[in-house]
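Several structures are given next for inspection.
Each of the next two complexes has chain A plus one more chain, namely chain B in the first and chain C in the second.
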Partner chain A sequence: MANLVKVKINGQEFEAEKGTLLIEAARQNGIEIPAFCYYEGYSLQAACRMCLVEVEGTPKLQVGCTLPVDVNRDGSPMVVHTESETVKSARKGTLELLLTNHPLDCPVCDKGGECELQDMVFKYGAGESRYSETKVHTPEKQWSPVVFFDAPRCILCYRCVRACNEGMGVGALGIGNRGVIAEIIPNKHDHLECDECGSCIDICPVGALTSGTYRYQTRPWEMNHVGTVCTHCGDGCKTTLGVRDGEIMRGNNRDRSGINDEFLCVKGRYAFDFVNHPDRLQSPMLKNASGGHDPISWSQALDMVAKKFSEVKARNGKFGIIGSNHTTNEENYFLQKFARQGLGTKNIDHHRTGDLATLFDALSGKNDTLASVGDLYTAKAVLVVGNDLSQQHPLLANQIRANFRHHAAHIYTVTTGEVREDKQSIAKVRVKQGGELAGVESLREQLKAEASLVILFGDSVQGDSLRKLVAFGDSLGIPVKYIGLVDYSNSRGAFDMGIIPRDGGLSREQMLAATDLDVLWVVGANPLKSATLASNAFVVVSEMFMTETAKRADLILPAASAYEKSGTVTNVTGEVQKLKPAAKVMGTKTDLEIAGSIAKEMGLNLGIWLPDKMLEEIRSTVHGYNVPMPILSTGGAAPTQPLNGRVAALPGTIASSGDTLFTSGTLGRYSKMLNSVMEAPGALYGGNK
Partner chain B sequence: MTFSPQLEERFAKMLQAYPEGKKRSAVVPMLIYAQDETGAVTPELIEEVAKRCEVTPLQVDEVVGYYSMLHRKPQGKFHVQVCTSISCMLVGGTELYDQACKKLGVGHKQTTADGVFSLEEVECMGACSWAPCVEVNYDYHHNVSPEKFDALIDGLRKAQ
Partner chain C sequence: MAKVLYNEPSPLETLVISRNFRKEGSETLDGYLANDGYKAFLKAKEMTPEAIIEEVKTSALRGRGGAGFPTGLKWSFVPRTSPKPKYIVINADESEPGTCKDRLLMEYDPHQLIEGIIIAGLAMDAHKGYLYIRGEYRFIIEHMNRAIEEAYKRGYLGKNICGTGFDFDLYTHSGAGAYECGEETALLDSLEGKRGIPRMKPPFPAVAGAWACPTLLNNVETFATIPAIIRDGGAAYAALGVPKSGGTRLLCISGHVNKPGVYEVPLGYPMMKAINDIAGGMRGGRKLKAVVPGGSSCPILRADECDVPMDYDSIAKIGSMMGSGGMVVLDETTDMVKFALRIMRFYAHESCGWCIPCREGTTWLRKILQRFDDGGGRKDDVRVLGEVSKNMLGRTFCALGDAAAMPTISIVEKFSEDFDKRLAMQGSGLVTING
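Coming up: the complex of A and B.
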């Protein structure tokens, strides 16, 4: 750190960089200066007056959140008191004013127990009020299925306004009127049209903004908080699920425990409700004569699968296995081991949404060429090619916005339509699908002048054009890192664990088209949604819901969701994180347990199939996955090492699912909250403005 | 939305008066001049100003809600503003306002049925030396006695 100056806070001398805000300098040294409106990462508001401090030599109290640390004119350090009697009485006065119209309905308020205003009044007093006037009251408003607003509780700290404007880049909230009738207003007069991300609700220090799913459901202290990884898109946000009696009540990341800090989109915060959807499959089902399904017991089902698999294996029949984008690394690893060692088949694939094989191959022999989520926040320049990030990769979009806000990063976009990043970009290029490379080429001179670059690209850049993109990156003469965008929570893991038709195996499409397939085993995927099965294969499906594929199945095995199991997942940038079980749905088993049980029934020896044992095996055998356990087990994101070797091309097609901010494949169809917002199902490229 | 050529010219000049990327600064003057011409700040006007100043309609809406001189509903042809802040109050401002209510038959922020007059009780207009003060549209009337007020209103009614 350059230019350190001394500052004396509450009698202790500290060093801080000149110009640091006093509130930050104090926090860095473990001294909390209370504030409602000040929020790290957002613009300064200086509206709440809670952070007043006494600075010696200054007659009046100073606002700690806007006061830069500096030495006095005579060179002596600034002397600050943050908890003197004068300061305490000023804060008490501020609180008394804030409580003038704030209803004391804490016993029924969602925020009760974790309310910052409550905590401050508890600390500084203002238990009695000198105001006897009737409180101004206005009725509560509903702005969307997700967001409710109770104006009297609002203390006008502007946190939500800034979070929406600066953080999300949406700007759906503002302040209407002034004085005592001033209140937060939504962008569409009586309702919101926005990302429905709920960050306004999370950031609200009081109970003014409340969430449609969580309101009046429980008290905060009745829940256990389980930090796990969101199962919707590939960004790998940590979501802390509030669980009461085995039921998920809410999702947030207030504890800033993940790579996403506090960020979550509508899916991470609200779309956990598929877990308890009444259509969840809770018993194995066998196809009956009329084409429907009848429930059978797990032991009957496992026995039946094992017999069928053994019989087909014995006569050298043809297996096809389609794995999932959502299951854990451990499950994926075990599944491919099951396929290759247990069944002796190479026909294993999953719905690939990005061309990772070509990317890794093109990057082989190069070091430090894969960007992490963190890199997007620090990169000097970012180039987005062929993807609507704010719809498909909300966390990555958020990182880029924050990078622009805090570091004035240079953003370039080459897309087929309008994207939110355009607003921050220094150059935007509109291209037709397939014209991405020409668009990128047109930015050559500008990009060459950058110190370093991160390139993100979607599924429209694959195969040859991806090789050309990497060659373009090489030709710039600056350090370039890449993010190959893949859609789902463990798309990257499915690829890395080997759920791919390498060494001559059949691709997903080839399996479906093969007329001589004997067994099709589908784990957490829905290939028959958009394709038909050419053969009369015996179909085994492990699924959460009665999907198009499950309907065709001869045997359905009810699977647990990611929120109900342990294991690890790898996000789009190759960072591995641990899942923690939050809920339990009766009758279901994890895919690891299902595959393990089938192996046991078949008498196969595929090793111990506990998640921890499986992870040990992955760490010692899968290239790049020797990740540090301390990071993983403390809930961190452990970066995988790049493959750095040649990767053979794979058969089959690669296509993004085209999911938006408001859709999430099969899971999205069963999330009531996700489907209830009026923006759903959303649209890519400028669809949600 | 289009405005008169004179106003368009004024807006064009106005947008150049601020530094690059600071078109937002033109929101307040643009609203007030447009209101003079169109009679009120309508949702269409908010959209238009937002477009021209490169901000969101919500950001313009915030400004409209904040400033009491911006009206969402059309005012009367003559917008009568009576000051009841301290200097005016001490020399009969409050009584003058009561009289205005009676004379015009409307209350605070209301318009007469024929649309000729609207009334507003306002805070200090900076004319304390000549209190009580009444402002009609942009014209100040100083030392307004009850008689003078009646004469003023009658005169305006005839003149319209």
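Coming up: the complex of A and C.
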């Protein structure tokens, strides 16, 4: 039970848990003690001296961010003043000192308008400065394509150093020189070699660290902020996109909404730029005699597809449908409904990157066995099997690091090479690909002694070995939860919505290999990148870019990206979140609109193809998806429990694409920023692929 | 060959820790043994750790690094029964301007220091010590290494010291030239191979010091005093000084005196007597203007304040500090503007940059003083100097900010006429702005 003590702040008596930092105790009761260097979740610095307060009985001002709340020796409550004349003049003095070497170039500073130093000076600072000497100036430096550093603006709060070292586990930032010329320095003398995640930029209270993609582009107040979900990996980070005149200017999550708090990786923060890539398809295209494509109108295109589909359906021809890892649940649900009910085919599949079918089957009949993103932060122990999490699942890796930092969680790794989680692990096991289970088995005694465990595993554990892994978990005699890792933003949703060849349908490989396929309909996927189509099928592709598959298509339909539509996606841990449209690209349609329009042209009655209507249908028909609407509508993440008895084995192969932090399947190829920061794979990025 | 001495001794000195300094071969183990060397250690070996600490408490010894914290009390804070290894760390980062005593203790009597360290090891149940020596003392590091090597060879360090079964290893570690690393926690960070930045306290080094283990950290002079305390008894040592400030200490008298040097005097020795009788009086018979009593961090004393006994409490009573024993004597020809500037150039250069008030404040003060000295002074500057210093005072992360603020505040308050004189000269056209 919490040990509550009384504390008196500004004449009001409050209760706070003994040992709470004064700055937090005040904050909990609506009293602001200003600070730059104090940052929740990171180590204490006591460097900025903004949080000095008066504590009765102590002659000197006390540092609010390091002072634990306790009763005085005589048992009386601590009496604190945060707004006394002494405190106010100390703050004023500190701000005056801070501004002595600050360039005050606010009119051209990216941070102007959302700068903590500006706000503090406005609220607590003096109207004029007594400083009349020259300022220390050093030229601005570019550390990487996305990170710029302007030392004179820096107030040395060391937030960036901690975000990089403690938060990201990278430690690419440090401090050089001393005294007034002390400054933040990058790990490689004059440049950064790191995750390029941009956490340092976001956490900077001033405009010292600025983003290569955002700097000098706009003023903060010119943007609207759209909270949506990152469309790259499967972790489902909330990203708040700053949008000006329909153009996405930046991504961050400073409002700490979503399951990722303010965490974002390089993709979530910067890789929205594919949206405006000049190669975006903006008109339907029809294959011409020379093998190229000519633009046609939407009405011509839809008419052509509908006629073709109707004709093949009428003669009982063979359809093959390949869905996407990135499209919304609503689109996926509608697509499989279209296939099964509209076209009467079971041949529907997507690029499966993790063996969810076997996992769900092995777990059938068990309750509470799927872990959430939040569970990774609170779990007593975490076992990572066969995945380089910090490369492929940056948010999950971040949760585990934070769990270790704050709760000293026990981390175990069983991987083929060095991974970042090793640094926090209490046991690491190196195995050859395929030897994962033996590696896990070698940890049995240690794992048995844990209170509870979350096991994360990649695509190297599938089929029989996955069943054995679950049997291993069962045999430990402790509560075990699982996360079956899948690659993309809606990989999990695609599976749950039924973009799978169940009940005897053809798998993706089988469709491509079939010589008698009449129609291949590919929605947001690129199967022909590494395979060939054996048949002479009529190929319809809805895509954003001219991929290998689109090149082969008889008809290409330009599709909208996830940042341009409404709907929901399900992340790797089965949490459903809502997308909000941020941008608009002329000429494109969402995949729901495309499929719906084809259905309409064909005269099929598949329901009203609006995202909200489709979600209603999903909630009432897909097991485990009856998620609470208030959570979804307010931007929250609603957990699903899709376990529903036995799941039959599916044909086809399962393989992760092995994306790194700096690649993202097809989308990654069209992000100028991602390509510019591409790092050579080094020891840190050994990975499993 | 006759021994080269640092300064002529004074008959008025009370020799305790410097008693061997002038003796031939004092820096060698044989020289030390000929003068009761390592006898205190053997005596301490027969005592319980509690008794050793009690003896140190009785001696009323206070830390000689500058803060003057009672040594025995500090020793009693170290959790001796902790299962973690305990460390002894010796602060030989002597960098307070005006201070030059630790180098003599290491140069002329290194074994006295080593003996003090291993006695502390006995009391703390510690078996490893680190002697952190400022990088500029390269020759002293080599000198100490020779002494340590000799001690190892003859069984006064290493395994089973003097057959007592007690093991102790002592290592020297070179600083890299930062004043800040004389602050005990910054020293520990530096010792651990990190950037030398002070740590948050608590925990204090006694509980979590070097490598987060219990650590006893004292100044060279403090450790060098231990053998005398154990040998002659804490009470005898305490009796040399005044209540609450026991024994003797080395006084480094520099500045405008006839015989600057390092002299050992009992605590409570009258300041004017030290200047006039020990240090041979003012140079050229000039008038005394001011005294910095214990290193440049201390508030400066006007001549009329200097009739004071030199012990921690008496000097504190008149608003200054005993500090590190670095006494700087200034005569009437001293320009206090230049003096303040010289001090502030040091602190601005040495500020580690960790916290805002010290990092920005020292440089601001330096720039004002530089401009003032260059002839660009303004009437307002004196007020701003005082106010900015007061903004720093007590608000910085460590004591470096205070060390820069305190002398400045005292100079502008006590010697404002020097600033006024400069302003008047500017008006007369005698000086021009050259900055």
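We take it that the second predicted complex is superposed on the first by the 675 of 689 C-alpha atoms of A that agree within 3 Å, B and C clash if a C-alpha of one lies under 4 Å from a C-alpha of the other, contacts with A are read in each partner's own complex, and residues count from 1 in each chain.
The rule we apply is simple: a contact is a pair of C-beta atoms (placed from the backbone, for glycine too) under 8 Å apart; a residue touches a chain by one contact, two chains touch by 3 or more.
All values reported here derive from a predicted model rather than from experimental measurement.
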item	value
Clash or fit, chain B versus chain C on superposed chain A	clash
Partner chain(s) touched by A:128 [first = chain B, second = chain C, both, neither]	neither
Chain B versus chain C as contact partner of A:503, first or second or both or neither	neither
First, second, both or neither for A:185, with chain B first and chain C second	first
Which superposed partner A:175 touches (first chain B, second chain C, both, neither)	both
Partner chain(s) touched by A:74 [first = chain B, second = chain C, both, neither]	neither
Per-residue touch tally on chain A - higher for chain B or for chain C	C
First (chain B), second (chain C), both or neither touched by A:445	neither
First, second, both or neither for A:46, with chain B first and chain C second	second
Candidates 109-117, 127-135 or 145-153 of chain B: the single one with C-alpha clashes against chain C	127-135
Residues of chain A contacting chain B in one complex and chain C in the other	174-175, 177-178
Chain A-facing residues of chain C, complex	178, 180, 195, 200, 348-357, 359-364, 367-368, 371, 380, 384, 387-388, 391, 394-397
Contact footprint of chain B on chain A as seen in their complex	171-178, 185, 187
Touching residues on chain A, where the partner in the complex is chain C	44, 46-49, 52, 60-61, 66, 90, 93-94, 96-98, 100-101, 130-131, 133-134, 136, 155-156, 174-175, 177-182
Sites on chain B touched by chain A in the complex	56-59, 61-62, 65-66
